[in-house]
Structure formats: C-alpha cells, structure tokens
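Listed below are the structures to be examined.
In what follows, subunit A forms one complex with subunit B and a second complex with subunit C.
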Partner chain A sequence: MPAELDTIAPPPAPAVRALSCPACGSAVTLRAAGYSVTAGCPSCGSILDVADPLVKLVTRYAEMTRALDIPLGTRGTLDGIEWEAIGWLARSMNGSYPWEEYLLFNPYHGYRWLIFDGQSWSLGEQLTATPNFVTYDTLSAGGRQYRRFFKEREARVDAVLGEFYWRVAIGEQVITSEWAAAGWTLSREANAKEVSWSVARLLAPREIEDAFGVEAERHPWPPPPHMVSPHAGWLSTCVKLGLAAMAFLVVVSIFMGGGRWSDIGTLPIARDGSAQSVTVGSVTFGQPWQRVELRARVPGLENGWVDLDYALVDRSTQRVYEAYGVAERYSGRDDEGDWSEGSRTSEISIASVPRGTYDLVIDYRGNRWIANNPGSWGQSDWLATSDAPEVVVEVRRGGVFFSNLLLALILIAVPLLWGLARHVRFEQARQAESDFDPIGVAALFKESE
Partner chain B sequence: MGLMIACPNCGADAVFRSAALPCRICDYCQTMLVRSDDGVRAVGEAAVLPFDVSPVTIGMRGMADGIGFQVIGRVRWAWTDGAWNEWLMLLDDGSHGWLGEAMGQFMLLREAPLKTARAKVLRDVINGGEAVPGTAAEIGGVKMHVADARDVLCIAAEGELPFTAPPGWRVYGVDLKGPGGECVSLQRDGGSATFYTGRYVTLAELAPRGLRRFDGWSLPDYAG
Partner chain C sequence: MTRGSFFFGLWCLCVAALFIVTAIFGYSPFAQGGRSAARAGAYGPTHK
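This part shows the complex of A and B:
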C-alpha cells in the first residue's frame, strides 16, 4: 500500500540537549515526592516549568518508571540466563481483566516476556514453530498438549514504557486466544499483519522473588489457567498409598481371620446354680500376638443365664488375661404373643495375647430367671428340666477386629476425601474462568443447572 | 548497544544505555542531557525501538548444517513499527545463505527457485496480490501458515551483498512458519520476486565465533 509505505521511516537521528537551571545555570536534578517527580535546581531552589516539553518528558518518564514493580533496567536470572527488563506494557481485554507484561532482553538470548496477572508471574517466549491441532480442542506445541481455555477476545495496550522490538503504542489491539496445560499456557495473538504464537511457564513465587525481587501470591484465587492443583500431587500419591493400605488391611483381616473353632471342653452345669470352676487346656497360640476368641454355647438354656469368667494363664510366665462373658436367653408370651430374646451363645475376645501355651480357667454359674408372674405361663426351670445342662466352650485364634478394620479404613479415607474435595474445589475455580465447559474432576462434580 | 553522544555542554561522550531513557547526567560536567529526537517523545504512549542490539557482526563465523560460514554483509529492513536484520553468509563450499534476525530469533535461509513457490498464497503474492496472515499453504510437503505480510523498507546495508540494497528500497514481504520450525520468505520487488526457504535456528546451534561484545553483558556459554 503506497500510503503505508510512506509511513515507514528510518529511525530518527539521535540528538540531545542540555537542560540546566534557567535561573542560575546549575545542573538540574530530579526530586520525587510520592509518585510525582519534579525537576529542580539544587543550587538556587528553582523548580523547572513542567510546561517545558523536555522537563515534561523527563518527569513523566521518571514518574512512570517509579510506579513499576520492576524498574526498567533491573536485571534478574531465570533458567540460568541473565535478563534485563527493558520495556513494560499494561494490557487488558478492552478495559477488563488487566495484566502487565515486562519485556526481558539478553543480547545473546533474545527476548522473553514476564507476565503478571495481579497474582502470579509467568515467563513467556514467542514460538518459532506453529502449533498443531491434535483434536478440535487440543493443540500440541513443543511436545506439550494444551487444551482450549479462552475464546478469541480483543486485547488492548493501555500503557507502555521503555523499549520494544516493535513500536507498540497505546490502543494497539490484537485478537488473543489461549490454551492451557499443567504449568503452561499457549496463546495466539493476531492482527491484520501478523499472527504470533507464544508459550508461558508459570513461575514459582520463589523463582520470581529470587530473580526480580517482586512478590507473588502463594495461593492465587481464582487460580490462573496453567496452575497445577496444589492438591493433585500429594492426593494422587496418597490415593495410591491409601488404596494399597486399605487392600492390605482387608487382605490381612481375611488371612488373619483366625483359625477354626476348637472344642476345649464340655462343662456340666450344677442344677442348684452354685459357682463352679474348671481348668481346661492346654491351648497353644503360635503367632507373636493374637486376638483370642472364646465361645460358650449352652444348648438347654431357657429363661436363665450363665456367667462365665475366663482367665488365660500363661504356663511359663503365669501372666493372666481375663475376660467375662454371659449367655442369656429369655422367652415367654404376653399380650402381643410369643417373645424371646438373648442368645444361648456367648462370644467374647481377648486382644493381644502373646505367643505361648495357656491354661484356661473358667469360673461359671448357671442362673434362673424368675418371671414376674411365675407359673402363669407354665414357665419351666431349665436347670431342672434340660437333661444334664452343660456349657460347651470353644476357642480360636481371632482375626482383626472388624470394628478396628472399619475405623482404620475410615481414618485412611477421611483425609483422602478431604483432599479430593479441596482438589475439586481448586479445579472448579480454575476452570470456572475458562470460556469452555469444565473437564476432569471439575466436570464430574459439576452442579446440574 | 547503547547510544554514545557528545555532551553539548562539555563535549565529553555520554552513553545512553537504553533507547527509552530520556535523560542522563553527563559524567563530567553534571549537566542533565535530555534526548531531543522523536525517538523518546511519546513516553507512556508508545514504545521506542532498541538501538542496534544484534549479537551478530560482520566477520562472525559459525557452522550451518555442518558447513562453516562467515558473515560478510547485512541488510537492515524496517516496517512501519519495527526493524530486522538479514545477514549474508558466505559458506565454505562457496555458496551463500542468509541469517535472518527478527525479534531476537534467527532463521537460516537459502534462496530457492521461484518456480518452487507453487502454493496459491505465494503465487498470488508473486502476481501482485497480498497475503492474509493465518492463511495455510503446503510448501515442500509441510503445512505452513502465513505469519506476517507487510511492506518493508531497506534502511541500511553494509559489507558485501549479492545485490545493491539502497536505503529507501521498498519491497512487499511474506513470511510463513511451519510446525517444525520450518520457514519460508517471499519478497516481491515490483514485478520480480525472490523466494527463500529454511528453518528457525538458535544462535547456539550455529556455534558462533566472534560474536559482538556488549558492555555489561558476559558472552554466553555457547560462544566458545
């Protein structure tokens, strides 16, 4: 276009003018009060007229530079390369979602961008290769896959300061769109003359603080598109560990589910209900530690109970492990018909019995239950009627307490569920910023509309 | 890198490290020196272009695709809002190549026969039309996209060149990029056109010797 051609011009020849105090001719210095800067004479105290174009130029540059987080000319090292901040841009989506970009330069490594969204910093680089579409919503660039995040929108330059490799000016507009991967974004910027692609890596707060001494938000909220959920790492490790632990516990509880019941004695019960004591054994337990389960069955029990005091006595150390059990069974008939409650069997357990050979001492006694209206229902006396009342005692090495297993599973699951909830909340907040539907966990738990 | 300019008050050399810096104090007479050219006028409204910051210089040697080369010439081009360099390389096998340098990125380019510019977007440009950025084209079996298309102006030339490059020479240039860093460039000068093909490279992979030195910057690790 001939019209445009005429606007291309070689850079202007540099020139300088000396600025000295109009009153006394001394050297002028800049003075700052807050963000406003004045040029004045330290000798005679005169303040130079801000209407003077040169004074205006100098003071405006000084004011704008002072307002920057990273003063132009600052150097910092990122990825092992020293960079100098030479330019600064304030940009926005036509007024909303403002962000800032610093242009970094090293004569031997070219240019990079330092992008600040108000919370976190990213290091951007223009791509020399064009990305490829993998699917309609996924692009591949530099061996990394990016999923679409922001639709095309118009971005505008709101302020500019310093040097750029093109003469960027306020109001310059491009169409941008953005894709995101874990830790990285891919963006496309296009205008009528040019299309450019760039990638940016999210910098850890520590990285940018060490390099340029500026602060970054530790927990930016909402999270930037390329931030990796802080819960994802430990959560995936812990889910694996947790599932393994749960599986282990379940397997252990199955295999440690104990041996078979073995009959260790059939004890006659005195019909007069007197206390009895018997020692049975020996019983040998082979595991270093085990739970010992004791079961007593009283086949003839009816409207009565049997108290059982057990004592496991280690033959070699004489240590005693005690437990109490009761078998009780009641029945009858009332206004609502026949009823019965209780059980003719008592099952108890003793936790953590060490390896060894034991005698089992059982103190027991049969009891009668006298109903309120004896005789009205033809209640029978089990000790009298049942032929030879007796209690059959069995023992076995027990497995894991089921209640303990359940508790363990819950203890493992609770922090995992808590972590999962935090992870989902993070992903929902991150993806809520996107112009596209959420995916992954954020989509799984999406509230229906 | 930097602008060295004589202090109008005492005549000593004053160095402006940044093209954007509007003022500095003369080290000798303490006068405040303010840039009075248009380059820094629009503070806060428009950026200034850097001084010539190329690490490449005439005489630099390196290796391109296993062949040694020396940089023997340069053409500097400008468009409305920027500028870039094309460095002429004399390769040890006697052939020529170009090292394009724009926005801190480098392209290794060789002239290709114009008849190989078969893609429609290229033929349109050769025939006097314009290209639209983003347009796709298959060139040499690679799917490429138009990255930029604009009028450009030669603003300086130095060293040996295979053609005369007078300042003020105007051409229309189109650049395309591929997914593997491939690039092609077509320049139309009135009724004739020149076609270049090549790829993006890093300065490091050219194993450069004799890079230009800059005050305050250490040479990179790759400069042996």
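This part shows the complex of A and C:
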C-alpha cells in the first residue's frame, strides 16, 4: 500500500445499489452509488437520474441495444490499478469520426476514460490544472509538451449506457480541440458552463488485451495522432550503427592505403605514330594478393591520344595479367572561347595480383586527332611539336578500391533509406489527419501543391 | 536492441567483412584489368 494511504483516510468505498428501471422494470445495478448521478439501463438504454431518490427517467432510448466490446461491470488492471467499466458513451463529430469512451472507476483512484477510436485504445485522465502555452502551437502539461493537432470541432454524445458522475444527455455537445505528443494526447472540451482538460495515453495492443480481453489493431492506419512511428526507434539505432560501420570502412580504407608510386620507365613515342612494344621490370610484389595500379603520364600530349596495352607477366609461372589504358587530351577554341577535355594521365588497376616478380610488357602508340575542320579545333601536331614525345610509366601496390568502398557504403545506406522512407510514409499518414501543416520529416518530403 | 536493429547490425558486419576480404585480396568487380582494347575506335573529343 502506498505511504500516503497510511495517513490519509481513503474515501468511503461506494456501495452497490440495485434499482428498477422506471421505463422497462429491469434491474439496474449502480456500482458507484453515492458518486454517480446518472445511469443507463442495460436493458432498454434509458438514462436514469439516480441522484433523485425516486430514480427519474431522464431519456428513453429503448431502441439502443448494443453489444459492447467491454461489457459494463468488467474489471481490468491498467498501470497496476484495477478498474471497473461503469459507463459507456458513443460520441462523434456530429455524426462523422465516431469513437467510444468507457468510464472506468476505482474507489481509491477515481475515474479514468478508456477511449476507443475504432482501431486503438487510450487511457484518459482529467487534468486538475490548466496546461500552459509554450508557444502559440505548443502546450505543456505534466512535464510533457503537446503540439496542436485538431482545431476546434463540435463533438456530440450519440449514445450512452451505464452510470456517470455528471448528467449525461444524448445530443449533448461540446467544443473539442486536441494536441498531440509522442504516445499522448491533450484534449480540451468546453461548453457554455465549463472547460475541462484531459490527457490520454495510447495503450499498447498487448496492454488492453491483457486488461480487458479486447483486441486492438496492431498497425492502425491511418495512425492515431499520438502514435509513435514504429520505424523511429529502429531508424535512430540503425543510423548510429550505420554511421559507425561507414566510419570504420573509411578508416580501414585509409589504413590500407596504397604504397608510393615507383617510376619504372620513360618510353619514347614514335613521331610517325607507329606501334611500339617494350618490356620493363622487374617489379616485385610482396603481399600474398594485391591490387596493382599503373599510371602513364604523357607530358606533351595535346589533341591526340596514347593507347597503352599492359601485360603483367609472372616470371615464375608465366601467368599474364592484362589491362588497357589510354591517355587522351583535346583542346581548342570555338565561339564560346577556349575549351579542353581529357587528361594527359591514365590510371588503371589490376585486381588480385599474387605475390611474385613480374615483367611489365607495354604495347603503346601515340595518335593524332584529325578533325574534320582543323581550323575550328585550333589544333597542332603534338607528336611533331613536342620536344621529345614520351610516356612515363609508374607502378604501385594499390590499396583499397574506391569502387568497393562506395559499394559498401551504398549497401549499408540502402536499408537506412528504406527505413527512412517507411518512417516518412508513417509520419505523412499520421500528420495528414491533422488540421495543421505537417512538421519534421513529413514536411521535408511534402509534395508541392 | 530490437530484432530489426540486430539484423541491421548483422548486415553491416557482413558488408564490412566482405569489404575487408576484398581489400585483403585486392579484388574489385570494377577493376580495369582484363578489358584489353575495350575503347578501340571510340576516340576524340566530345566537345560540341
């Protein structure tokens, strides 16, 4: 028993009182006698004024015969407190967006509301203090901040059963408005006499099933205003995991970076553009397996290209690893001014070269670019004008392939993007129900109208 | 950690492991080696 209950005397436990319905004569059991002022007849649905010793008939509603999800009198435990369902209301926005409310009672803890919107259940409690405005669209209550969700609307009581602590009347109307936070809603209900505020916590399907044995939608759609995106938690955790994995891969790439470039030959290029072949080496690679990078630089290249066919030949096994490269560079002048494209350098990689000593056989040839309209290119013969046309060949044991790193980063990012897309879809669907503009990710990806 | 997070962690681990294996073996599906004379006949500026 809580400590305060040792010193504060509990309110008197309500007596159970049996009445007879003046409309149909059926027995009406009053479960919170002394607290309830109205009660509904479970047989004919008439509303009775039980505050009056004569039990007057308030509203006859004989046609209402409903099978409730939670029969009145059912007891269930929520948040460690046993509640008894004593009243039921069917409400709507003047006929549209219907919902149900069960009045729960516990003699030591008072009243709570069990609200069912057709898909999900919430446990509501009336506030004893007015919430404070944080900003024009945000209210604070109970240490929680709520953002506006529904504008003021007229809500109506459509049907009633059981007993209540105020005089319920079918057709009774209030102006409601609603704010939402993660897992919670804040509601304001006002009529000509009073304004009341209440908060409601979204119950997990398991929670309501365990308490009252009723089913709730596992994946309500559209989501209720206070439902937390089921993808948000996953996304939050996995973005951290993904970023850590990406950082790890980048660090590994830096750590496993390639060696230094080694100049293995400067090869003269024939001015007549004839094919040439040369063998350079030896080149030794010490790792069991490695990427081999070959770089060819042609300093005098202009408006032409150099074809390079490489054959890396293992001296011991005569196994050949082939690759092809080309350095091409063009420039000229046209109506828009000077232009240039291409590169005087060619870099290629050979994958998975095993340990060994290699000769590098290079077949190469310098080429001129002959344009249909030579005057428009402003080109010159690079093979003739260059002092000594040549190609400088360098080699190094390469590190990590950038393409592999890129592919790995994409593979890690794909599930995150998928999760983000689902989260955005959820938030868009949830906030689409609101009377106000979307915020957060739902606003970021909002289609322009 | 939820089951979804666990599987994503496992996925990251597999990708990282595969990346390290390819780095150790110097392998890439995108390496130029072996594509001899692939560009033959496609020379010249693309400038318009």
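By our rule, the second predicted complex is superposed on the first by the 245 of 449 C-alpha atoms of A that agree within 3 Å, B and C clash if a C-alpha of one lies under 4 Å from a C-alpha of the other, contacts with A are read in each partner's own complex, and residues count from 1 in each chain.
Going forward, a residue touches a chain if its C-beta (ideal position, glycine included) is under 8 Å from a C-beta of that chain, and two chains touch if they have at least 3 such contacts.
Not measured: the values here are computed from a predicted model.
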Open item on the list: Taking the superposition on A as described, I'd like to know which of subunit B and subunit C A:169 touches: first, second, both or neither.
Closed with: first
- [ ] Could you say whether A:20 touches subunit B, subunit C, both of them, or neither, answering first, second, both or neither?
- [x] first
- [ ] Once the structures are superposed on A, label A:415 by its partner contacts, choosing first (subunit B), second (subunit C), both or neither.
- [x] second
TODO: Determine, under the contact definition given at the top, whether A:132 touches first (subunit B), second (subunit C), both, or neither.
DONE: first
Open item on the list: Quick check on the superposed pair: does A:328 touch subunit B, subunit C, both, or neither? Answer first, second, both or neither.
Closed with: second
TODO: Return first, second, both or neither, reflecting whether A:341 touches subunit B, subunit C, both chains, or no partner chain.
DONE: second
Open item on the list: Let me test your reading of the model: by the given contact rule, A:159 touches which partner, first (subunit B), second (subunit C), both or neither?
Closed with: first
Open item on the list: Touch test for A:242: subunit B only (first), subunit C only (second), both, or neither?
Closed with: second
Open item on the list: After overlaying the two complexes on chain A, where does the subunit B footprint on subunit A coincide with the subunit C footprint?
Closed with: none
TODO: Would you mind writing out the residues of subunit C in touch with subunit A in their complex?
DONE: 1-2, 4-5, 8-9, 11-13, 15-16, 18-20, 22-39, 43-47
Task: Residue ranges of subunit B touching subunit A (in the complex, touch as defined) - done: 1, 3, 5, 7-9, 14, 16-23, 25-26, 29-50, 53-55, 78-83, 102-105, 133-134, 144-153, 155-156, 167, 170, 177-183, 200, 203, 211-212, 214, 217-220, 222-223
TODO: Write out the stretch or stretches of subunit A touching subunit B in their complex.
DONE: 1, 4-5, 7-20, 27-29, 39, 54, 57-58, 60-61, 64, 72-73, 82, 86-87, 105-111, 126, 128-132, 159-170, 190-196
Open item on the list: Taking the touch rule as given, give the residues of subunit A at its contact with subunit C in the complex, in rising order.
Closed with: 233-234, 237-238, 241-242, 244-245, 248-249, 252-253, 256, 287, 289-292, 305, 307, 309, 321-326, 328, 330, 332, 334, 339, 341-342, 348-353, 367, 369, 377, 398-401, 403-405, 408, 411-412, 415
